[in-house]
Each structure stands twice: as structure tokens, then as C-alpha cells.
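Structures are listed in the sections that come next.
What follows is a pair of complexes built around chain A, which joins chain B in one and chain C in the other.
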Partner chain A sequence: MPLPAPENLNVILATDCGSTTTKAILIEKVNGHYRQTFRGEAPTTVEEPVADVTVGVVNAATEVGELAGRPLVDEQGQLIRPARDGRGCDIYISTSSAGGGLQMLVTGVVREMTAASAKRAALGAGAIVMDTIASNDKRRPHEQIQRIRELRPDMILMAGGTDGGTVTHVVQTAELIAPARPQPRFGGQYRMPVIFAGNRDAAPHVAEVLKDIVDLSIVENLRPVLEQENLGPARDAIHDLFLEHVMAHAPGYDKLIAWADAPIMPTPGAVGDILQEIARQRGINVVGVDIGGATTDVFSVFESGGQSVFNRTVSANLGMSYSISNVCSEAGFPMILRWVPIEMNERELRNRVKNKMIRPTTIPQTLESLIFEQAVSREALRLAYLQHREFATTLKGVQQQRSVGDTFSQQSGGASVVDNMKLDLLVASGGVLSHAPRMEQTAAMLIDAFEPEGVTELAKDSIFMMPHLGVLAQVHPQAAVEVFERDCLITLGTCIAAAGATRPGRECFRYVVEFGDQRAEGEMPFGDLRLIRLGPEQTARVEITPARGVDVGAGPGKPLVREVRGGTVGLILDARGRPLQLPENREECRIVADRWARALEMYPDLNSL
Partner chain B sequence: MLLPFRCLLLAFAGIAGLSVAAQAAPPSPPGAIEVRDAAWDAGTAVDLSLFPSADESQDAPLEYVVQMSHEQNGVFREMPATVESRSSNQVVLRVAGLTAGQEHWFRAAAVNEAGERSAWTAAGTSVSPVQQWFDGRKLGFLAILSTVCGSILAFIALARSGARLWIRRITGLDAIDEAVGRATEMGRPCLYIAGVQDLNEIETIAGITVLSRVAEKAAEYDATVVMPTSRSLVMTAARETTQAAYMTAGRPDAYQEDRIYYVTDEQFGFVAHVTGLMQREKPAACFYMGQFYAESLMLGETGNTVGAIQIAGTAQPAQLPFFVAACDYTLIGEEFFAASAYLSGDPDQLGSLKGQDVGKLVVAVLLFVGCGLLTLQNLAPSQTWAQAGADWLANSLLSSG
Partner chain C sequence: MAHAYTPGLLVTPRMRHRVRRVLPIAGDVLVEQGAAVGSQDVVARTYMPGDVTPINLANQLAMPPGELAGVLLKQPGEAIQKGEPLARTKGLFGWFQSEFKSPASGTLESVSSVTGQAMIRSAPLPVQVLAYVDGTVIDVLPGEGVIVEADVAFIQGIFGVGGEAYGPIRCIARSASEDVTPESIPADVRGAVLVGGARIHHSAIQKAVELGAAAIVGGGIDDQDLKTVLGYDLGVAITGSEKLGVTIIITEGFGDIAMADRTFELLRSHDGARVSVNGSTQIRAGVQRPEIVIPLADEAASGDVQGAHGGGVLQVGSPVRMIRDPYFGILGTVAALPHEPQMLGSGSRARVLEVTCRDGRRVTVPRANVEIVGA
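Now for the complex of A and B:
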């Protein structure tokens, strides 16, 4: 059925089929603007006994329909389309991460060059990268073959060599895949989908080596020259194969694909798309994070070298329930304890971690548990962001242009494109952030973990609507952006943070904040946090005069005048410097953490503990 | 009217002054003289400690002349003497230029401003200077040496104990992997030039050290390294180094000896070959590590033209600007020599590098202090201690004599 013209889209039903829950939202045109009006959810039914994902979709859609007073499913269990007489919807779109999402294996010639580009393409398409095979990954060929055989990815992305570059290395990689005879995760009947996006001269040789073994698709080289990445064709091929092979073999997905009016996307890929759309339309740099129980996804869109660069990383072992133990092991208990403003020793912390491991799906019932979880989340987010910054780099292996002025400051390729000073919007989603009892807690977790510098707007995804909007952006970008700004995001406020360091207690910056007929001014000593209440619909004119060497966005020591937006939290002035330093002594650290918690009014009941 | 009168007055005063000087008596001789061997020297100096002449005052200190003889009443000859210290009841003079183990007799006399000399006062005893095992004037030198060597040893011990020693990032060395990776992806060779000088040059040796790393990476990535040399000895050393690197990487089979070859000793003959090779083979990575002269810019520009990532390293200040402008990364002097420690991460080399840094720090501090003292002395000439300090630094602490 052809899609209605964008101006004729009035009712949109979107679902996100997760591993456990299928979430449905209804987007309607209200007074000329697209708004998310109702939402409903139902258990995902991809597993036995139902083994049909559409059952969960119908259940979720039925719930939304009942809430909206608009039947969306007919008596035969089919979605009603188009919308007519207060029934049905104009289009139906969906994302999916059921069954563990899209899992991929990528290969390249050099780990930091074509293999890294292949990884970026796969992650950007919403996949989880299980492993990266490269000539310099320090594994012997038999180990690489063994690894390919052990993994059961949904598909393989092969890259390597520039156009006209090495053929030998690329064919060698194909010769590793051929004897491994990789088996796909779903459906033993079909052959492993392999996308070749490497040196075009090597393509016939690769096809020769892999014929009759895998289902090979050849697309444009994702690194035609080392100076340029061309990830689009590879990402599109991943999406196509995701639908053709992976989804088609999951229970009920053939029906779901037929129902959907736009290609079903992997959930993280859709989140990435909406963030890119927002960054493009508003001309800003965005970082988004989705912290789950087992994994943490970080997305970023930064301007680099005159173009917008999107990156996504999945920190597979950083999460708040199944992976909590790994967070503690990677960060260390003292690092987690530093965020706890109450009396808590390492033993108690250890016990809480073990309890969470035993019962991963529990949610905090006491203030102590909440404080503990939020402390862990800071470290999980910090580590995930660290990994993201290391991955989101400029291209390696690129020629540099020098002048004699560069004698003592030669910068190498591969520098991170993520620059906290240039970050404009930080979006949070995931249970521990979205469901924090107080917005101040979400804001504090974001600031402590990501350490934004200068002026940064903070927001959270109210009901994890970003996947739905990502796929909607493909059909109707304007509608997606409207809903994103009006209903998806809850603006927490703006953080103005000083980068640099001086002695605690010395003046960090002076501020003047004017909003409406009110005016606040004062001095921020180094090491302090201050919250100025500024409502969601309010804006304020802010004038910051930093001390020498301190940068709030206009350069070290230079004053800054900006218009900032308020939010449910308000305007946060952060004079703690960057990077954040907390005292090593536990008691001193607790006092500092307590002072910060009180400054942001994070835990009003803190005195009762 | 007034000028002739003044001139007359001055002339009279001058004549009167002369007549006073002519009428002055020679000063009294110095008091008892005690002589002893100078401590911590090479046996060539003695110290004469004498009671000052009765005519000496704080306002008008007298000069003293010293004479030496090898016999008690032998022939005395005048010796240069420097005042070591002077107080109201003792003047210590240092007489140098003596012969160790030989007996010396001394006598001294006071000399006033008019050049009149007192009667001689002889020392009651003789002295035979003895050669000491350590020259005390080099104590400062010993302190610096101990500090530097001690630091090297301490840092080596620290590195061996597993402590992490921080070394500034050297981008050019980090970029080696990137350059070899580029060559691998593009399916083209890496070109390595170890300068145009022989193995007796320290820069050539440093170049061979870096070659080891490049060759190891090339073996790991399965890339090719081509190395024309302008000296046969360099070729031999490079072959052995490369072979060892391929073995370390576990790829001895991939080593190809004929990729490292001798071209000619002639500077521009060699350059002509290398630039021709670049144009034909279009290497994706070029390394210039060693001593270079006029060819630096020719090589750098040709490499740039063929689109190679270029990493250069030399200690020739005159060639550095050319390399910096034409190459992607340049190792400058010390960075080049530190390459071995930086790349290997070997505790002994790292400790040595850190220890040498302490030595450089000491030198920098002494330079800074010396410049400060001399500047101060120039600004305020009355501050004689500033000049004395600078002299001590130059003549005692840093003197090689």
C-alpha cells in the first residue's frame, strides 16, 4: 500500500518490540502539530508458547486504542488503516530489538582503520558488534577461524583495503571465513549473510572464495580512500539484510514486516537516526545515552571538519542489573563510594551489589538503595562515555598538512571528535535515569558522569520514545522532530560548568542571571554547585565572568553572555572544575558529596538517614 | 678670572700629595707565618697563613708578595699568591704551581700602595705538598655527577620495580603504527631511509633503532619495507636488525633480505635513486631517520607528492624546518634519541631516560641561576656577591680545568 502524503498523515501508530515488552505510542495531529497522545505496552510474544511477535503488537495497539477511544485493531486482529471515522491509523511503523537485537561480526585489514570503519558502520546501523577480525588483532589464523566458528552472528560485514589498495589481506580474511563456515543465529536453513564493503578490486576474488558458503552482498567500499569514510551503503545493506534474513526468520516477523509501512529498524539504529535528525535540524552537537540492565548505548553527533559525525558505541558489560558486578569491577568500589553522601562502607556496598546480582530486576525501595544505584550508574555512565570518546575519533592513516609553526605541537590523527565544551544537548534514557524519583537526581547523574563543560542543555526521554521517532523520521522528519521536542524530551534545564582548576574556595566565576523581573547574581567559589530554579517555559539571560584560566565556553578567562533555557530542574551552575576531583579520604569525600547533593536538592530526606 | 686660580690650586695640591708619598716609610713586615699543604688538591698548592702587617687596616689593606725556595736559605723566587681569606688577625694566601712531594720554604713581605715592600718574614717550617685522591674544587661537579648518576640508577630501580614512569607523548613515534597501517591498507610499500652517513654517526644508529620498530610492525601487518642505503655497513646492520624484528614478530618467513640494499656513497646519486624509486613505487609511508643534509627537502617533497605519510627524525637543526614543513611528523633531536626507550618500554632504558632528564634539569637550573646572577650584577654593579656567585659557577662548579 502506498504511503499517504506527509501532509495527510494525521494518526501514526508506532511500536518498539523489545526483548520483554512491546511499547506502542499513538501520534496524532492536534491543532496542526504532531503530538504523542497515548501509549500502551504488552509483553513481547516472540518466544514460545505464542512465538508470534504480532500478538504482542496487537495487544499493545489494543491498549493504546482503548486509552485513546480509537479502535486500532479490527475483529480479525489486523491493524485498521487508513484512519477513518475515529478508527484506525494512517501508518504503522516499528522498531525491534527482540531476541537480542542485531548481532554482527566485522572484519577489516587494519584494526584502527578499515576494521574501525566497519565497526562504526555496524554500530551506527544499530548492531551489537560481537568481535572484530583484523590482520593485526594479534591472533593466529587458526584462532581467528575458531572464533568465527564459535560466534553465531546474524551477519558479517567485511571491509578492508582502499579502492585500488591491498587485495591480499582482504582475500586472506575471506579465506578465514570460508573454512569457518559460520552459522547464522536464527534459521539453520539459510546461509550466513555477508556484506562486502571493501576494496572493489578484491570483490571478485572474495566472491570466488566465499561462493556456495555464504550469501554475499557486495556494496561500495566504506573506506574508498583512507581520508574518507562512506558508511551509508554498508548501513543500508545491513538494514536490508536485517529485514530479509534476520527478521524474516524470527517468529511472526514476516507478518510484522508486511504490516509496517516503513522498514523495521533495529532499535538503537532508530535512536541514532532521530538524534542525527535533531542535530541536523537545530545545528547542534548532541550526546544521547541509554543505560539498560546489561548494556549501555552512547550516541553522539558532533561537528568535525565541517561535517556532522555520528557515532554509537555499545558498552556490552556496563549496565545496572545483569552487568552491575562488572561495573563495580571495572570502576572499583572506592570510585563508586565517592558518590555516596551517606555513611556506607565498602562491605555494605559489596553486599548491595551481590543482592542486585541475585535479584537483578528489583528496583530500589529505600533511600539508601536509591543512593547506591545512582552511585553505580554514575560510574557505569562515566565508563561507557570514556569508551565512546575513545572510539569516536577522527580517521586514522590520513596525511597531515604541516607548517613550521607545528614544530612543537604535532597533533596525530585519531583524536576524539567528542568535545564536551562543544556539547549542546545531553539526552538521557534508560531506567535509572528516566525513572529517578526526582529530576534533580537525573540531572546530577548526567553532570557527574559526563562532565559537560560550558553551556549544556540537559534532557531526558520521558518514555523511551526515541526509537519510535527514529523510524518516523524516515517517513516524516518534521513530525518526528515536533514530537521529539514537545513530548519526547523532558527538559531538565541547563548546566553551566567551568573547565579548569584552581584552589578550593577561590573564586571560579561570577554570575548574573536575569529572568522575567528577577535577577540573581553572586560569586561561585571553586568546588561549589548552585541551583537556580528556572521553569520549563522560562529562559534567562546569563552573564558569566570566569576567573583567570577558567573557561565557561568563551575561552579561558573570557566572559560569556548567553540566553539559556530552564527546565524541571532549572539552571545549574557548576564550579567544580574539570576533570572532577573528589577527596581521597572517605569522610572528606562524603562531606563533599553531601554538600553537592544538598546544593542540587537531590535527596530532601537525606537528613532522616 | 677664576679659572687660572683654580688650576694653580690643583697643581699645588698635586705637588703636595707627591711629596707626602715620597716621604712615607715602607710598611711593617707581616707577623708569624704558618704554612700547610692545601687540602683536597693535586699536591700543587699550599696555604700560607700569616699575621697581617701592623700597618694594615680595614680601610687600607696591604698586598703581600710570597717567595719560595726549595732550601731553607736557598734562592727564593717570587710565586703568584691569591688571597683565600682575610680578617683582622689572619690573612690566608694560596700559592699554586708547586711540585708534589718536594720540600718548599716560603717567606712573605707586605707591599703598600706606593709599591714599597717591607722586610721579609720567613716561615719557620717547610712543607711538602701531597697529592690528594680527590680535588676539592670539583666537589660541585661530584655533586652534579652523583645527582645525575644517582637519578639514573634510582629511576632504573623504580622502573624495574614495576612503577609506571611517565614519558611525554612523542606523536611521531606513535604515528609509526598509523603509517605502516596506511601502507598495508593501500597495498603499497614503506620506504625507510637511515640518513646518508655511516654507522659511526649516532643519528644513523638511532635510525637503525627506529627501523627495528618499523620492521616489526610491518611484519605484524604483513606490509613491505624497502630500504636503500648509502653506506654498505648501514645495509648490513639494517638487514640484521630487520631480520631480528621479523623473528620477534613471529614472521621470519616474511623477511626479504634483498629489500634492503646498497645504492652508492655519493650523496646526490643516492638521492636520485630514492626519489626515482618514490615516483615509481609510490610508497604509502616514508621514514627518514638519520643524518641528512641538502637532500632533506628533496626527499620530503617527493614523498609528499606521491601522497605518503612521512615521518622524519634528525638532530640536524638546519634540516628540521624542511622536514617539519614537508613531513607529517618530525622527531626533533632528543626525541629521536629517546625513540629506543620510548618504543621498547624497557625499564632500564626508561629509567636511564628519566635520569638523564634530571641531568638536563640541573643544567637548566644552573643556566638560569648563572644568567640571573650576571644580569643582577650588571643591573647593580655594587652587588659583588652576584659576580662572585657567577664566577664560582663558571670557574669552580663548571670549570673543566
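Now for the complex of A and C:
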């Protein structure tokens, strides 16, 4: 069925089929503007005993329909289309991460160059990268073959060689895949889909080596020259194969694909799309994070070398339920406890963490339990962001021309493009951030984990709507951006943070904040946090005068004057310096954590513990 | 969401159970439909392609890859033994020949004229699948495996480590609240599935391994003990491939916690019975819990086939277990299911339920923090 013209789209139903919950939202044109009006959810039904994803979709759509007073599902359990007489919707679109999402293996010749580009293409398409095979990954060929045999990815992306460059090394990679005879995750009824996006001169040889073993697609080289990536064709091929092979083998997805009016996208791919759209339209640098039960996704869009660079990473075992034990294991208990302002018994905590791991759907009932989970989340986010910054680099292997003037500011290829001082907007989503009882807690978790510098706006995705809007952007970008701006984001406020360090208690910066007819001014001692309430519709003129060597965005020691936005939390002045340092002594650290928690009014009932 | 499904562990004295036993890759099924099988009978067998030894022959012989075909002493498809010459260069007038001897036994699979890489595939590795439970083959999946059906008592645990194991139940605790310590394990437990009451201590696991027990089942385990047993801190609950010498299954959770009476009594009532256990746990999409499967030899009716999953819809009177602090592990029955979300101590609003605990207390907990007890 052809899509209605954009001007005729009045009612849009969008779902995101997650591993545990299927979330449906209704977007309607209200007074000429697109608004998200109703939402509903139901358990995802890919597992036994139901084993049909569309049952969860129908349940979620039915709930939305009941709330909206607009039936969306008919008596036969079919979505009603087009919208007519207060019934049905004009289009239905969906994303999916159910059944473990899209799992890929990528290969390249040099780990830091073509293999890194292949990984970026796979991650950008919304995949989880299970492993990266490269000539220099320090494994011997038989170990690489063994690894390929053990993994059961949904598909493989092969890169390697610039066009006209090495053929031998690329073919060698194919010769590792062929004897491994990789088996796809959903059984042996079809051959493993493999995308070759490497040196075009090597393509016929690769095809010869892999013939009769895999289902090979050849697309344009994703690194045609060292100085440039061309990830689009590989990414499109991944999406096509995702629909053709992965989704088609998941229970009920054949029906879902037929229902949807636009191709179903992997959830993280859709989130990446909407963030790129927003960064492009507003001309800003954005970091987005989605912390789930098993994994944490970090997205960034930064201006680098005159172009907008998008990166996504998935920290596969950093999450708040299935992977909570891994977070504690990777970070270590002392690192987690440094965020906890009360005394806690470590042995008891360890058992609690494991109990959450084996019963992942439980929620904190007590304040003590909440404080601990939020402490764990800071470390999960911190580690995920660290991994992201290490991955999101300028292209490695590029020859650089330097002049004498660059002598003292030389940066090698491979420097991170993520610069916290240039970060304009930090967007939070995922249970522990979105469902925190107080917005102050969400803001504090973001600041402590990401350590933004200078002036950064903080926001959260109100109901994890970004995936829906990402897929909507494919069909109707204007509607997607309108809903994102009006209904998706809840602005928490603005953080002004000082980079650099001085002695505790010494002046870090002075501030003057003017909003409406009010004025606040004072001095921020190093190590302090302060909250100035500034409402969601308010803006303020701020003037910050940093101490020598301290940078708040205008350069070390240079004063900053600019307008900032308020939010549900307000304006947060952070004079703790960067990188954040907490006392090593547990009791001293507890006192500091307590002071910060009170400064941001995180836990009003803290005294009761 | 008023009738949302609430999880639970399946503990039932009788059910008709089906297990799907399939090979990882296509192979031969060795039994026929209708055959009676024992738990340790082999029902399907196959051979995995052997390991591959790659050799860059062109580099070894210092010659262009395109010329390798002329110096091979074995052709692709031919068998070769370790130490046997694989290729020999012609040299100069028969002098200065270079020879390369195979570093592995197997079959020469390929030699690339582009990269100079040769692949030697070793002998296929046999893989076999056991029936797992005493029962009847009710379906043969050609080339894949079988489905075995049996009437069983079935107990799902919450977490386990180690794979499939078999043996007679040996109850070593007098009550469900008795810890499993080295002192509680007698000397003659080789091959047995030990059933204790509450927390399994690390030293008890050590003793069970020393004495050759097949498995050990208890109410709980301390995180630190698990770490000591495994030798590492478990990050995600995906287990089953550990080689500890014993399979461990806990039925309730981590910490000092007694086995639910119902579970303990069911296991005790089958003391001496030969059972199949599996510690494999996967808490992700497609959740898999550890299990103890007890075949029932009598002829009583077991009804229709039942899926191996517990849980159901919460109702007033449903027996539940609270699975999160501050009431972790406490059993009770649902006293009320208020419709409106309520404010929790954490400050969040959530759907709750009221539970009358066994000691008579009435407490309010989030609905997400209980599981239905029993079948």
C-alpha cells in the first residue's frame, strides 16, 4: 500500500518492540502541529507461550486506542487504516530490539583503520558487535577461525583495503571465514549473510573463496581512501539483511513486517537517526545515552574538521539488571560506594546485586535501595562513556600536514572527537535515568558520570520516544522533529562546570545570575555544587568569572557571559573541577557525597536513614 | 496491564514434560519414534568439522602464491599426516630444495593462489546428545534430534552453574532451614544429587567435589562463596559451561535463605530416586532456569503437556514470595491488589500489592517485587 502524502498524515501509530516491553505511541496533528498524544505498553510476546510479536503490538495499540478514545485495532485483531471517523491511524511504523537485537561480527585488515570503520558502520546501523577480526588483533589465524566458529552472529560485515590497495590481506580474511563455516543464529536453514564492503579489486577473489559457503552481498568500499569513510552503503545493506534474515526468523515478525508502512529499524539505529537530525537542525553537539538492563548505548554527534561526525557504541555488559553484577565487577565496589552518602554493608550489597541479576525485573522499594542503584548507574554510565570516547576518534592512518604553528598543539590521528567542553546537549534515557523519582537525581547521575565541562544543557527522553521518532524521521522528518522538540524531551536545566583544579575551599569561580527581576551572585569554592532554581520556561543571563587556570567555557581564567535555559531542575553550578576527584578514605568520601546530595536536593528524606 | 503476568518458578509434583534434544549441526538420529529411552542413552550423533590449521605456505617456501600449485606434494582433498612433506620446491638443478612438513594431521582443504595460505583440517570431532530424561521418543526431527516425553516431578531453581548431571537424590538436611556445610555431607555420596536446606557453603562444595557428588542443591549461596568456587566474579547470569566437577543449583537466591518448604518436601519425598539436573541458567531474552527433573514410574494420569515455566496472574489469595529487600525471601499470600499506583519509600510511584506474611504481618510491596510460588 503506498504511503499517504506527508500533508495527509494526521494520525501515526508507532511501536518499539523491546526485549521485555512493547511501547506504543500515538502522534496526532493538533492545531497544525504534530504532537505525541497517548502512549501505552504491553509485555513483548516473542517468547513462549505466545511466540508472536504482533500479539504484544496489538495489546499495546489497544491500550493506546482505549486511552485516546480512538479504536486502533478491529475485531479481527488487525490495525485499522486509514484513519476515518475517529477510528484507526494513517500509518503504522515500528522499531525492534526484541530477541537480542542485531548481532554482528565485523572484519577488517588493520584493527585501527578499516576494522574500526567496519565497526562504526555496524554500530551505527544499530548492531551489537560481538567481535572484530583483524590481521593485527594479536590472535593467530587458527584462534581467529575458532572464534568465528564459536560465534553465531546474525551477519558478518567484511571490510579491508582501500580501493586499489591491498588484496592479499583482504582475501586472507575471507580465508579465515570460509573454513570456519559460520552458522547463523537462527539455525541452519539459510546461509550466513556476509556483506563485503572492502577494496573493490579484492571483491572477485573474496567471492571465489566464499562461494557456496555464505550468502555474499558486495557493496561500495566503506573506506575507499584512508582519509574518508563511506558508511552509508554498508549500513543500508545491514538494514536490508536485518529485515530479510534476522527479523523474518523471529516469531511473528513476518506479519509485523507486512503491517508496517516503513521498514522496521533496529531500535538503536533509529535513536541515532533522530539525534543526528536534531544536531543538524540546531547546529549543536549532542551526546545521548540509553541505559538498559543489559546494555548501555552511547550516541554522539560532534562537529569535527568541518563536518558532523556521528558515533554510537554499545557497552554490551553494562546495564542495570541483567548486567548489574558485571558493572560492580568492572568498576569495583569502592568506586560504586563513593557515590553513596550512607553506611552500607558490603557483603549484603553483593548478595543484593546478584539477586537483582537473577530477578532483573524488580524495582527499589526503599530509599536506601534507590541510592545504591543510582550509585551503580553512575559507574555504568561512566564506564560506557569512557568506552565511547576511546572509540569515537578521528580517522586513524591519515597522513597529516602540519605547519610550524602546530608545533605545540599537535594531535595525532585517532584523537577522540568527543570533547566535553564543546558538548551542548546531553540527553538521558533508560529506566534508571527516566524513572528516577526526582529529576534532581537524573541530573546528578548525568553530571557525575559524564563530567560535562563549560555550559551543557541536560534533558531526558520523557517516555523513551526517540526510537519511534527515529523511524518516523524516515517517513516524515518534520513531524519527527516537531514531536521531539515539543513532547519528547524534558529539559532538566543547564550545568555550568569548571574544568581544571585548584585547592579545596579556594575560590573556583564567581557568578552573577539574572533572571526576570531576580539576581543571584556569589563565590563558588572549589569542590562545591550549587543549585539555582530556574523554571522550564525561564532563561537567565549568567556571568562567570573563573579563577586563574580554571575554564568554564571561554578559556582558562577567562570570564564567560551568556544566556542559559532553565528546566525542571534549574541551573547547576559545579565547582568540583575535572576530572572529578573524591577522597579515597570511605568516611571522608561519604561526607562529601552527602554534601553534594544535599546541595542538589537529591534525597529530601536522607536524614531518615 | 491489570492482569499482567507475574513470574514464578515451577515446582510441581506431577506434570507431563517434553524436552527437545537436538544437535548443534545436522547429524544422525539414532532412535525411532515410540522408543523408550533412558536419560543417559545417546539419541543423536554427529561430527563437527575438525579444527583448522592455517599455514602461509608461500611465506614458508619463499615463493609467489601463484606458483604454489607446482610444488605441492599433496592435492586439496588428500589426507596428510603430521611431519609428512606437504610441498617441496624444485631448487636449482635439483639442489637447494626447500621442503615444508605438515604441522598437523588431517586433510589438505585448500591452497590459495592469491594469499599462499594452506588449510589443513583435522579429523572430525564427535558430538552426541543424550535423552536427558527417562521417557518415550514422541517425535523424531530428521537430521536434528528428538523430542522426549515423560511424566515427571519438576523443580525449577533460580540460578545454577555447571551443566547436565544425573544421579540419585540424597537428602542431607533434616529441614529446609539447615545450611549445607561440610559436616552435613556423608562420605558415600559419589554420583549423588545432594539436597540440602538453606545456604550452600563454599567448603561444602569443595567436599562434594572431592567425594565425587554429581550435583548439589540448596536454598541460597553467598556471592563471595560463588566467586571463590568459580575463581572469578560472575558478571552476567549466563552459565552452564563451567567445569567445576559438580553442578550447583540454588532454588531461592543469594544470601542466607532457606529453601521453600514445598520445594524441600517434594525433593525429600523422592529421596533415592534417579534424577536429571541441569544447572544452565540464562537470564536474558529466552530465559532459562536450572532444573531438577524426577521421572515418575507410576501410571497415574499427568494430564496434558505443560510448559516448563511458572508464574501466572496475581489474585487475592495467590501464594507469593517477596524477591527484593526489605522483605527478600519472605513468603505470604496476596491480601489486596490496589488499583492506583502508590508512593514507595524510594519516592517512586508504582503499582503495589498487599501481602499477609506467614508471621501475620501485612506489608505493601511493588508488584514487580513478588513472584508467584508453586505451579
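Convention: the second predicted complex is superposed on the first by the 590 of 609 C-alpha atoms of A that agree within 3 Å, B and C clash if a C-alpha of one lies under 4 Å from a C-alpha of the other, contacts with A are read in each partner's own complex, and residues count from 1 in each chain.
Following the convention adopted for this analysis, a contact is a pair of C-beta atoms (placed from the backbone, for glycine too) under 8 Å apart; a residue touches a chain by one contact, two chains touch by 3 or more.
Since we're looking at a predicted model, the values are computed, not measured.
Novice: Just checking: does A:Val167 make contact with chain B only, chain C only, both, or neither of them? Give me first, second, both or neither.
Specialist: So A:Val167 meets both chain B and chain C here.
Novice: Just checking: does A:Ala98 make contact with chain B only, chain C only, both, or neither of them? Give me first, second, both or neither.
Specialist: second
Novice: More residues of chain A are touched by which partner: chain B or chain C?
Specialist: The partner making contact with more of chain A's residues is C.
Novice: Scan A:Thr361 for contacts with chain B and chain C and give back first, second, both or neither.
Specialist: A:Thr361 sits against chain C, while chain B stays out of touch.
Novice: Could you tell me if A:Asn326 is touching chain B, chain C, both of them or neither one (first, second, both, neither)?
Specialist: Once the two structures are laid over each other on A, A:Asn326 reaches chain C alone.
Novice: Which of the two partners, first being chain B and second being chain C, lies in contact with A:Pro179: first, second, both, or neither?
Specialist: A:Pro179 sits against chain C, while chain B stays out of touch.
Novice: With the two structures laid over each other on chain A, which partner does A:Ile447 touch: chain B (first), chain C (second), both, or neither?
Specialist: Touch status of A:Ile447: no partner.
Novice: In the superposed arrangement, does A:Met524 touch chain B (first), chain C (second), both or neither?
Specialist: The answer is neither, since A:Met524 touches no partner chain.
Novice: Is A:Asn136 touching the first partner chain B, the second partner chain C, both, or neither of them?
Specialist: first
Novice: Using the superposition described at the top, list the residues of chain A that contact chain B and also contact chain C.
Specialist: 167-168
Novice: In their complex, what parts of chain A are in touch with chain C?
Specialist: 19, 41-43, 46-49, 63, 98-100, 141-142, 145-146, 167-168, 171-172, 175-176, 178-181, 183, 188, 205, 209, 294, 317, 322-323, 325-326, 328-330, 347-348, 350-367, 369-370, 435, 437-438, 603, 605
Novice: Please name which positions on chain A make contact with chain B in the complex.
Specialist: Residues 109-110, 112-114, 135-136, 138, 160-162, 164-169, 223, 226, 396-397, 399-400, 402-404, 406-408, 410-414 of chain A touch chain B in their complex.
Novice: Inside the complex, what are the residues of chain C that reach chain A?
Specialist: Those residues of chain C that touch chain A are 1, 4-5, 7, 24-26, 49, 51-54, 65, 109-110, 112, 114-115, 117, 119, 121, 158-159, 222-224, 226, 233-237, 253-255, 281, 283-287, 307, 309, 323-326, 328, 344-350, 365-366, 368-369, 371.
Novice: Can you list the residues on chain B that touch chain A in the complex?
Specialist: Going by the criterion above, the answer is residues 171-172, 174-175, 177-179, 181-182, 184-188, 220-222, 307-309, 320-321, 324-330, 332.
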